[in-house]
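Right after this note come the structures.
Same chain, two partners: chain A is paired with chain B first, then with chain C.
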Partner chain A sequence: MELTAQLLVYGVLMGLIFALIALGLSLIFGVMNIVNFAHGEFLMMGMYIAYLLSTFLHLDPLISLPIAAGAGYLLGIGSYHILIHRILRGPMVAQLFGTFGLMLFLRYLAMYIFTPDVRSVKQGILVGKTLSMGWVNVDASKIFSAGVCLLAFAAIYWMIYRTKLGRGLRATSIDAEAAKYMGIDTKGMNALAWGIGGATVALAGALLAHFYYVTPTVGMLFTLIAFATVALGGFGSILGAFVAGIIIGLIMVISGQLVSELKFSFIYVVYFLVVVFRPRGLFGW
Partner chain B sequence: MGQLLTDIFFFNDRPRFERVGFLIFILIILIFPWIVTSAYGRAVAIKFLLFALFGLGWNLIGGYGGQVDLGQAKNVGFGAYATALMIVWWKVPFWLTIIPGMIIAAAESFAIAYPMFRLKGHYFAIATLCVALVWKELFIFWDWTGGARGVEIPIRSGADFVYMQFNSPIYYHYFIFFLFLLQFFFMNWFRKSKLGYAVQAVRDNEEAAASLGINVYRTKVVNYTITGGLGALGGSFMAVYYLYIDPDAVMPLDLSILIAMTVMVGGAGSIWGPIIGAAILIPLDMYLGAWLGAQKRLGIDFMVYAVIMMVIAAKEPRGIWGIIERKIKKETR
Partner chain C sequence: MLKVDRIQVHYEGIPALHEVSLEVNQGELVVMVGANGSGKSTTLKAIIGGVTPVSGTILFNEREITREETAKIVRMGVVYVPESRRIFGPLTVEENLLLGAFTSDSEKEVREHLEHVYQLFPRLKERHKQRGETLSGGEQQMLAIGRGLMIRPKLLMLDEPSLGLMPKLVTELFKTISLLKEEGYTILLVEQNVREALEIADRGYILQTGRTIHSGKGVELLQSDIVKKAFLGL
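== the complex of A and B ==
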């Protein structure tokens, strides 16, 4: 009982972070129909920002959250303007290899700068603290991260469905051509989607750095988890990403308890089964 | 019969400069180990031929088929493990392990292709990646494959043509060149065969191909199955060349990426593309990697790769062969 409760809580908390990671990927896909293989590398960069600020400037990782989000925003916008808009019109193979190249570049840039050593954030108000609530003991940082994820989700949701900017984004995602004729700056919207995608995933990275080790190669795993999440929720669906994130979190934690060596395989299998048997996902159209 | 031999060994449909270029290429490879005597230089040539071999196989699905498969390493792994385990367990001669390895890889590809080809584009690419990673995790997890420790093939003394173990890299050079030529001529036949044309038609326009009576789904499945089998061939060579294999050596994601990249850089969908791509990327990898490794600068080689990849994707999706072809066309006009 105790173990079950612990696993469920842990799974939901991890799931909220997965949801925040998947949010940006889903948004980018929804707006311009391109899959970003470098998504996990944006996350890795957010983790390194938290690590660097805490190790060298002795800033609390909490302070690094807005900095990471800002850097992620710039990285997203920069990637769009430097690379992505050039490959958008090309064949799908070129798009795939374009973002794949971006992924390799960021990954090995990190390898070059930080070496392959495994690092972790050691200082901070929340690092290493646990809260105990009845049956379950939970890391304070995980509860806090889940809270931030909820807030970020609410903010993005509000932005997309309640503001003029969000309406522009939605119009671009439904029909970019028509949106252009209506006077919407679709190029700007594309860049904005990349910016938001980068910001949210880098924020998730800075949160994750509280309790997850940091290496240059950590990104690929989270890219794949995000793919599975987005596929399960339905490509382009924000609400879908949220629900699917929690489901994926629960699957990973429970399967990890059963066969810890294969816990990631379960996620890959989930992706495979979902796209094959229900390509729309849970909330896709 | 005569027609078949012509289809396999001749390039009558290709321009003359290509045929001359290929002859020069064969001559260079034949005399290479007698000109370059350093062990490292010979190792570079062997790795180049190995990746040209991999590239030729991947070109089937990635170039002619137009489907981005990011999981070819799993087939390499099947071939390598089939060879290594059969030699270690039952002392089966190397030559008898090639076909079983290819059959295992082809069978797995066939089984997986059925659900897989309900997917297209990005979804397909990610699915191939996921399948390859699951296999790698399984090979690490299982005990009978040696787990993460891998498999070691016992070393024999002297030149052994039954188990293909030699002291001198010259033997390996001609051995891999032989395998390369086998596959090259197979590909030369394939691109002109009925199946080859069907595969290319499906890539260019599925609806049009279907309206001409091509079974699109079956064409893709058969193509993917053959690709899987061809991947295992190079894997078998890796097992006897390195004499030690583990999942990180023969099934990593990096290997899948490198195979796909050699074809993309060289020119997907052309018979020369994989050779050109391997001739550029492999020496770059080996020399840059060795030089930077000595200076403890990890990662720069892959950054160079990544930049090449992004430039190719943005500027010329048809790769270097696309650039060459365009230049030639301009001159002859």
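== the complex of A and C ==
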């Protein structure tokens, strides 16, 4: 019983982080039908920001959260203006390789700057602390991260479904040409989707850095998990990313308990089943 | 108000418009007629900035807008209601209407215009919470026009609004368009229902393979041999 409760709590907490990572990937795809292979590298950047600020400036990783989100926003917008809008008119393959190239560029840039060494955040109010709640002991940083993920989701959801800007973003994702005739700056909306995507995933990275090691290649694993999450939730669906993130978190933690070496394999089994039996995902169009 | 002077438009190197010229004055209802592929839609898209002419000029209220961005042209008061309505299907009727006012910064004005549109089309008010895609064809056309009215445009351009409507609804649509003209809207209309359109129009232009080949008063055009032969089958 204790173990089950522990696993469920841990799975949901991890799942919320997966959900926040998947959010931006899904949003960018929803607005402009582009799959961002460099998504995990944005996450890696958020992690390094938390690491650097903590190690060299002795800032608590909590303070690095808004800084990472801001940097992620700029990275997303910058990628759009410098690279993405140029490859939009090209064939699908050019778009795929465009973001794939961005992924390689960012990954090996990090390799050059930070070396392949494995690093981790060692100090911070929440680092290494555990909270005990009845049967369950949980890392304080994971509880906190989950709370931040919930807040970030609520903020993005509100922005997209309750504000004029969000209405413009949704219109652009449904029919960009018609949106343009409404006077909506559709290029600006694309850039905004990249900005939000970059900000949320970098925020997730700074949260993750509290309890996960950082290397230049850490993005690969999380990109693949995010793909599985988005496929399960439905491409372009925010609610889908949220629910699917939690499901993926639970699957990973529970299967990891059963056969620890295979915990990631089970995620791809789910991915495979979704693609075969319900290609549009749980909440997709 | 609007002056299109000998514009030429290419789609990927292939000429779509060779030489189109037309004028719309304040308060007028002007109709463009022509066969499929004669360049009517392309002309409207050139005016709204959806395609850029390779030569020629477009003036709106004396200001050149030939290479201006669509968002700026809309802010100047030009609205394009596209062919086949292009409703944002998953969004509600009201969200669709509010998107028509995206360039408006005054919330008060937006509310007023929304009420005005609901008065004009009470059906839309009844269904304001419904998703756009659940409306019938006629209601979707009302929504498309209503969305176009949300900034009280100085120039309203309607692209084949009767397309796909039942004959009864087509008659109703032309009544609506006449009503809008009476309210003082300036309208540039592209239509395949040549007779009905010319009957309510002040003036008309005839397009053929990317050229304006003829123009005149609505009723006069209706009597002209060129229209009788080419469009009315007389």
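One rule holds for everything that comes next: the second predicted complex is superposed on the first by the 285 of 285 C-alpha atoms of A that agree within 3 Å, B and C clash if a C-alpha of one lies under 4 Å from a C-alpha of the other, contacts with A are read in each partner's own complex, and residues count from 1 in each chain.
Rule of thumb we're sticking to: a contact is a pair of C-beta atoms (placed from the backbone, for glycine too) under 8 Å apart; a residue touches a chain by one contact, two chains touch by 3 or more.
Since the structure is predicted, the reported quantities are computational estimates derived from the model, not experimental observations.
Colleague: Which holds for A:F272: it touches chain B only (first), chain C only (second), both, or neither?
Modeller: In the superposition, A:F272 touches chain B alone.
Colleague: Looking at A:A171 after the superposition, I want to know if it touches chain B, chain C, both of them or none. Which is it: first, second, both, neither?
Modeller: second
Colleague: If you stack the two complexes on chain A, which partner ends up touching A:F283: first (chain B), second (chain C), both, or neither?
Modeller: Touch partners of A:F283: none, neither chain B nor chain C.
Colleague: Check the residue A:Y157 against both partner chains and state whether it touches chain B (first), chain C (second), both, or neither.
Modeller: Touch status of A:Y157: no partner.
Colleague: If you stack the two complexes on chain A, which partner ends up touching A:R107: first (chain B), second (chain C), both, or neither?
Modeller: A:R107 sits against chain B, while chain C stays out of touch.
Colleague: Which chain, chain B or chain C, is in touch with more residues of chain A?
Modeller: Of chain B and chain C, more residues of chain A lie in contact with B.
Colleague: Thinking of the overlay built on chain A, is A:P116 touched by chain B (first), by chain C (second), by both, or by neither?
Modeller: first
Colleague: In the superposed arrangement, what residues of chain A touch both chain B and chain C?
Modeller: none
Colleague: Along chain A, where are the residues that touch chain B in the complex?
Modeller: 35, 83, 86-87, 90-98, 100-105, 107-112, 115-116, 216, 220, 224, 227-228, 231, 259, 261-262, 264-265, 268-269, 271-272, 275-276, 279
Colleague: With touch defined as at the start, can you tell me which chain C residues reach chain A in the complex?
Modeller: Per the stated touch rule, the residues are 48, 50, 69-71, 74-75, 79-80, 82, 86, 88-91, 95, 98-100, 102-103, 147, 151.
Colleague: Residues of chain A touching chain C in their complex?
Modeller: 164, 167-168, 170-171, 174-175, 177-185, 285
Colleague: Mind listing the chain B positions that touch chain A in their complex?
Modeller: Checking each residue of chain B against chain A gives 62, 66, 68, 115-116, 118-119, 121-123, 125-127, 129-131, 133-134, 137-138, 140-141, 253, 257, 260-261, 264, 268, 297-303, 305-310, 312-315, 317.
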